[in-house]
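Next come two complexes built around chain A: one with chain B, the other with chain C.
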Partner chain A sequence: MIYVVYLIVYGFLLTAVVGLVASWIDRKVTARVQYRVGPPILQPLIDIVKLLGKETLVPKGASKTAFLLAPLVGLGGVILVSTLLWLNNINTSNTFIGDLIVAVYLLTIPSISIIMGGFASANPLASIGASREMKLVLGYELPFVLAVFVPVIHSGFSIRLGDIIAFQAVNGAIVGSWSGALALIVVIMCVQAKLALVPFDVPEAETELAGGALIEYSGSGLAVYKLMKNMLLFTLPFFVMILFMGGFRLKGIQLLYSVLRYVGLVALITVIRNTNPRVRIDQAVRFFWGPMTIIAIVAVILAFKGL
Partner chain B sequence: MSLKLKALLKSPWVFHLSTGSCNNCDIEILDCLTPRFDIERFGILLAGSIKHADVLLITGSCNRKSVERLKRLYEQVPKPCLVVAIGECSMSRGMFIHSYNCPEPLDKIIPVDAYIPGCPPKPEAIIAGVVKLIGKVQESIKKK
Partner chain C sequence: MNLVPDLLGKALFKVDGMSVFIGIFIVFFSLLTIVYSLGFMKKRKGLGHYYLYIVLTIVASLGVVFANNLIILMIFWGFLGLLLYLLIDFGGKERTSYTAKKAFIIIGGTDAFMLLGLAFIWHLNGSLNIDKLSIAFNTRLAVLAYLCLAAGAFAKAGAMPFHTWVPDTAEDAPTPVTAFLPASLDKLLGIYFLARISLDVFQMDPAMNRVLLIVGSVTIIAAVMMALVQHDLKRLLGYHAVSQVGYMVLGIGTGVPIGIAGGIFHMLNHAIYKSCLFLSGGAVEKKTGTTDLSKLGGLAKFMPITFITFLIASFAISGVPPFNGFASKWMVYQGIIETAKAGGRLWIVWLVAAMFGSALTLASFMKLIHAVFLGQPAKNRKITEVGPAMWIPTVLLASLCVIFGVFALAIPLKMLILPSLNMNVVFTGFWGSGLATILLIVGIIIGFIIYLLGTATKTRQTEIFVGGETLKDNPDMRVSGTEFYNTVSDIGILKFIYKMAEKKLFDIYEVGKSITFGFNGILRYVHNGILPTYLAWCLLGMIILFYILFKHIW
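On to the complex of A and B.
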């Protein structure tokens, strides 16, 4: 029963609220970088309320079940993974063997839901977007898993999130070591691709594909996708914080530091997205399989050496 | 119903459609999104896909070829939606009023909620038009 409370309160409500605020930070920082004023703080919420009130259209020739189910699958994945992360973050003994692997798997579900929705909507542009998303997933998963391996080595080959947080509470954050710093760079790049933000926003390139995989979504389907993306904007930096920065500590002055770290990560992601042009899909895959994989392998070797 | 429309007025995503305009009005629409005017302050965003749009901005004189597309796009906007005619051509067909290729003005084809005159209208005029449109919809909510 306690897990249901975790699922609803932490996994959904808290993550959604923080995610909406994070997406406002993202839009506000973007606006300030471009010397604009930017939207008011409630804007992301208003957008979602508006989309929920609009008509949902199912395109002719689309697979109706898959088209309507895909956003919910993605949202479900995000809720599950954020519940898992919060559980470990609040009490490190709430862990089980292999929950790190479960979290890595669940973080792929949103991308898979976008692929599902794109192929189900019977639109050529959406199909191109979905196939690009698929290639991007193939690209970033390899360096991402390699970089996630670094905290595992540091904490004595434990694949439990709770152990990784407990290890960092005693020995200091993993990002303080050489291998941890290198792995963090790789993970931030992968997070950028997982969120489909600008250097790697090939799946939903506004200018060529007019929204990509989400082009046919309207009304509540689009609202769920927007909510999913906003929640990912909390969940992924949170995952990075757990692996490399000792989690989101909630006690005393540590809470302030954690919030600052989180806002810093979101601002870094936003600045990367505002200072780069979009790459092509082949460039993105080459970037992840080339330099990023090499850096990740170097980080893993350094971690084995104990650095 | 009223919450739906209130949220719509706070975040109207616009889609601009040229039905044979000279591109001048389209450039002025895009000017509204630049740092000088920054209509994202009011939650207005430019949508890439018609399925994401709430407001249809129509420029141009509605020639025979584009009327079919115009009707099809109007059917595809998720309702509730608003339609704004921007520029002289979309209101009265402008200098093309006697042309064989522009048989009917826009408001005889689909219902129009606001007209913004000008050839092309200034960004200030477009913003003033949007403010009037929002006021009109707010009054219609109050009457209900």
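On to the complex of A and C.
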């Protein structure tokens, strides 16, 4: 039962709150970059509440169950993975072998849910958007997996998140090494794609696909997807921090540093999304299978050399 | 324990943990296939022969599994090749006889290798009883013997480079046969034999393990890349039947207990979800009369049971937690990382191949689900769900996918797999799939509560939005899903490789055929059909013969 409490308190509530705030930071920074004022801090929450009040439309010819269930599975996946990350972060011995691999796999569930939702809406634009999402997953998964193994190599071949955090508490953050820094660059690019933000927002591509996979969603379904995406805006940088920056430390002055690091990561993601044009899907796949994979391989080789 | 003690002075059959475990599942899958065939094969010709062959296959498979003497095993193994040939022939398509011949030649050819391997073992040890053998790789002959036997196991299980009969069979054989042989029984037997020779008959060393790891990784990636671009439901599944073998071979190739247990577990899981996929696919075929992906679509509403079973099995094969495919893949990964601690740096290659392979698997199954069950229907169909004889097996298999995933440690591993291996598998901190499932469900309930707060309970149906157009008037706008990954297959070197694959340059059967026919082409000049030429050859031969015979007289 204690795990359910963890899930509700940390995995859902805390993650959602931080995610909503992060989404506000993202919107505020974007606004400032574009010389606008930007929304008030509660705006992301207000958006979701507003969506909950709107009518839920189901497109004709769609598989209704799959259409409405897909957002829930995505949300459940995000909640589960954030619970897993929090558990490791709070108590590094509270871990099981291979939870890193479990986390990597669970982090694809939101993408799967978006794809299933898009497919279930029986809309050609949604189909194309969802297929692009799938190709994007194919693209980033290869460098992502490679880069994620850099901390594993550093920490003596442990695939426990807890061990990786504990290792960094003693030996300093992995990002401090050459291989760690290279791997971090790759992982940030992959996070950008996992969040489907510019330059990798091909699955949604408002200007050509009018929202892509999410085109038919409205009301509650869209609200859950929005919440899921906002939570991912916390979960993914959190995962990166655990792997490369020694986790989210909660004691004393360390808490402030952790918050600063997190805000820094979010701001970096925001800046990338505001200073780049959208790429085509084949360019995105090429980018990840080409330069990013090569950088990740170099990082792995350097990590083997102990750098 | 010897079943037939000292018959002919030797123990020919043997019962141990692993053979009992495989035997149980052989019978299980056979029963499911028979039940399913009652629905699927209805009103076809030659059903007496069909069921006879199925029963004979069961007998021969059990013979392989319980054989202690390698010659006995080989005899049953040979029968299986023949029965496969006969069963494929029930497909009744234009290409079926060609496919059956191809399968028979590949399986038969590797059987010949196995026989050669047996001869080597006899030469090395003077015994062919599995329980008396334990050969180290200290001579070249031992290495050769292992490779010969492994070739047989690879061909049966469908690992590269002997895989090409599997996709063809999947496409052309009747669906229950595909689900029965290449998808479940042949996997069980092939991997059983590989495990037997790797664990009992030979003493594996790092170099030989590396061969297995290479075969496994290449099989995973290459086969799944081929699966991505297929247009036929059953053929696509056939390529996955090849790709998944890679995980089993990888598991056995790690040489550490948890990896081997993972490989065996994956074999079982694969048999479960792949037969579920084939049988669900067969239900679609039965109702729509086609397996061409561009002619399907939107079936989820008409065939909800088939859709759900197919979906569960797809997630299981793609390794989505908490289904069974994830549990066994996780163990294989665990085994690979275990080898890292012994030194060596190539482990990351195997691990990345395995993990990336499962992303590719997911991609091709998303395409399948879109093209068959979701998306826009190709035409207005009024179909219904298949009868109970056809959905009961799939529902049973899909629930096994869930049970073996959620209770991975408690049920399949502790009850079946660990007793079958004489090894000490350490499970400290096994991934808590039960707990994770509960937490996932709680997460979904939270989402559901959000739905209740909102308006999801009262929905309204609307026309789909396609930028103001209507889909009915613009059939060209339909996205079937077959072309999803064309952008991937057009990238750089991949395009080149796909072109070579299209020309069947990686098909050992086609390559072998062109070599054989190349020789034939030369010999054909001799047989030109003109009688005087033949007489001249006879005369020449006679002269040579006489010369040899009477050489010493002169």
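Note that the second predicted complex is superposed on the first by the 307 of 307 C-alpha atoms of A that agree within 3 Å, B and C clash if a C-alpha of one lies under 4 Å from a C-alpha of the other, contacts with A are read in each partner's own complex, and residues count from 1 in each chain.
In the analysis below, contacts are C-beta pairs under 8 Å (C-beta built on N, C-alpha and C of every residue); 3 or more make two chains touch, one makes a residue touch a chain.
In this text the structure is predicted, and so the values were computed from the model without any measurement.
In the superposed model, A:104 lies in contact with chain C only, and not with chain B. When the two structures are aligned on the shared chain, A:135 is found in touch with chain C, with no touch to chain B. Contact with chain B, but none with chain C, is seen for A:36 once the two complexes are overlaid on the shared chain. Contact comparison for chain A: of chain B and chain C, C touches the greater number of residues. When both complexes are overlaid on chain A, the residue A:210 reaches chain B and chain C alike. Contact with neither chain B nor chain C is seen for A:178 once the two complexes are overlaid on the shared chain. Contacts of A:219 after superposition on the shared chain: both chain B and chain C are touched.
Touch criterion met: A:57 reaches chain B and chain C at once. By the touch criterion defined above, A:47 reaches chain B but does not reach chain C. In the superposition on chain A, the residues of chain A contacted by chain B and by chain C overlap at 53-57, 210, 215-216, 219. Chain contact summary for the complex, chain C toward chain A: residues 298, 300-301, 304, 307, 319-321, 326, 330, 333-334, 337, 340-341, 345, 348, 351-352, 355-356, 359-360, 362-363, 366-367, 369-370, 373-377, 428-432, 435-436, 438-444, 446-448, 450-451, 453-456, 458-467, 471, 477-479, 481, 484-485, 487-488, 490-492.
If you check the complex, the residues on chain A that touch chain C are 3-4, 7-8, 11-12, 51-66, 68, 71-73, 75-80, 83, 95-99, 101-102, 104-106, 108-109, 112, 115-116, 119-125, 127-128, 130-131, 134-135, 137-138, 141-142, 145-146, 149, 152-153, 157, 159-160, 210, 215-216, 219-221, 223-224, 227, 281-282, 285-286, 289, 300, 304. Residues of chain A touching chain B in their complex: 27, 31, 34-40, 43, 46-47, 49-50, 53-57, 206-207, 209-211, 214-219, 222. Listing the residues of chain B that touch chain A in their complex gives 3-4, 7-8, 10-11, 35, 38, 40-41, 43, 47-49, 51-52, 54, 76, 78-80.
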